[in-house]
């Protein structure tokens, strides 16, 4: 098989599996090719899409390769179809999720200790969005529920695996919070 | 009042508020001027109380903690005495709080990183697996393998993230297409000549935008005393008719 | 826009519209391009796929253009389908099953409205696996078949009854909010 042929087959397979993605293993089994050969062709294809700024992009998400559109064309897609809307998470949910992602498995009480506030609601939201799941019970602490992230979490943030998370920030950066500043502007206007 | 309430939500709790104060006054997190920060913090909490906004109890607990630290800081002499007796005694009453703040700040930043990933991810569109029915052999087993409830829900979740149809966003279009006045005229027309109609009949179209406009149109017609409504009993059918004495158009 | 950029946009759009395809008119409206320009780029792309024997093909079916796989690679797709434990292929069926489980009794057309794609095949699969059954006829909609889940469904997922299903993942809430917004927009339009 020539490299071009392999690339062609990969394209067809990626197209067929859609957003479910396909693992390297599955690709190898289907094509009867060695992993090296296959990965080379895959990288080649990936490079080609990127270099030429094609309409497709190959992403490695949740342990599998999948075809998506080029982010550059997002505005046209939004114009054409009903896009799923902004499923962005609230700040509370994001903080809770970050703690779970880096510290899993972790109990609610431990999360609340870090955040300094009640966290029932964000946990509920994250559960209902399938971004986290129960991951067993703590041996101590009255066998409290332990939380962990799901595969859906990887999909939502486009991560290949939990190891793909950037290292936990060391917290030294001073970032200004615009929203909070707004509050204080208002806050100072309050008549005495 | 609402305005302020919304802004309280800008803070994710007492730690978040403290971090903000530390940033705002550009003080060193490892050497917090407790007295100054405590005053600011308390001013915030008091103002919230004056505005009669609900303050989560965590804010009050933190206020107490800050006051405790402040008073400890004011009594350095005594500390030294204790220190002599107990070498393990924390030499700075701020230590524990600083640790919590630094730890919290790490995750706050991690949350920001996630947010960025979320937004760049939202620009990538995928498609569902292709229909491969022509490739399958019908005689396949009837078992469905080890699919779990989670798999089913995850499939559903993935679908909600997918693009829907080639339809334009319906609500947006509708909101331009049916002005309330047009719907008001519509209803007036339907009731002309003294016809009584069931309220529910006005909602023949299932589109929500249409329903909302219809509902508002009826309210408006009642306000302008063009129509009146009648209901015989609780939960009974509401009848709507042209108001008497109103010249028909 | 360069020809390459137009081709990239066309690729992205063809990719997301899926089996429904897209008309030239729709493509023109989305890209704000003239029909000639657009058709040229489309033919160009088509030619390129054919010349290089890529994994995709652009076909003109039922009045619209759509992206399909290169027939040459069919044997690999077949092999992929046969690979045991391939969850990939049940994705469509699982989505359909979730919709039926939560919204039963429901017609095929209603399911397709939710999924945004044709659903004949997944329904067939689910029927053959005894997870769903016909549950009567709709009173409206030309007495269309209504679908519901079976006892096997409960058995397989270890549920004692349909009420045992966990809450449906989030995603619907956003829509309601949108409607509420619409309500308020309208409300303010009312002439005084």
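Residue numbering begins at 1 within each chain, and the chains themselves are lettered A, B and C in the order written.
In the analysis below, contacts are C-beta pairs under 8 Å (C-beta built on N, C-alpha and C of every residue); 3 or more make two chains touch, one makes a residue touch a chain.
Here the structure is a predicted model, which is why all the values come from computation and not from measurement.
K.L.:
Compute the centre of every chain as the mean of its C-alpha atoms, then state which one is farthest from the centre of subunit B.
P.N.:
C
K.L.:
With contacts counted as defined, which of the two, A-B or B-C, has more C-beta pairs across the interface?
P.N.:
A-B
K.L.:
Per the centroid of Cα atoms for each chain, what is the distance between subunit A and subunit C, given in Å?
P.N.:
Each chain's C-alpha centroid was found; their separation is 22 Å.
K.L.:
From the C-alpha centre of subunit A to that of subunit B, how far is it in Å?
P.N.:
So the centroids are 21 Å from each other.
K.L.:
Using mean CA coordinates as chain centres, what's the gap between subunit B and subunit C in Å?
P.N.:
So the centroids are 29 Å from each other.
K.L.:
At least two partner chains per residue is the criterion; list those residues in subunit A.
P.N.:
15-20, 67, 69, 77, 80-81, 84, 86-87, 129-130 - these are the residues of subunit A that touch more than one other chain.
K.L.:
Which subunit B residues touch at least two other chains?
P.N.:
Within subunit B, residues 125, 127-130, 132, 153-154, 157-158, 160-166 contact more than one other chain.
K.L.:
Which residues, counting only subunit C, touch subunit A once they are in their complex?
P.N.:
It comes out as residues 4-5, 7-17, 22, 26, 30-31, 52-56, 67, 69-70, 72-73, 76-77, 79-80, 83, 86-88, 91, 167, 169-171, 174-175, 178.
K.L.:
Which residues, counting only subunit B, touch subunit C once they are in their complex?
P.N.:
125, 127-133, 135-136, 142-145, 147-149, 151-166, 171, 175, 179-181, 208-209, 212-213, 216, 220
K.L.:
Which residues, counting only subunit C, touch subunit B once they are in their complex?
P.N.:
Touch residues, subunit C against subunit B: 12, 15-20, 22, 26, 69, 74, 77-78, 81, 85, 87-92, 94-95, 97-99, 101, 114-118, 121, 124, 128-131, 156-159, 165-166, 168-172, 178-179, 182-183, 185-187, 189-191.
K.L.:
Under the definition above, what is the set of subunit B residues touching subunit A in their complex?
P.N.:
3-4, 7-8, 10-16, 20, 23-24, 44, 47, 51, 56, 58, 62, 100, 102-115, 117-130, 132, 150, 153-154, 157-158, 160-169
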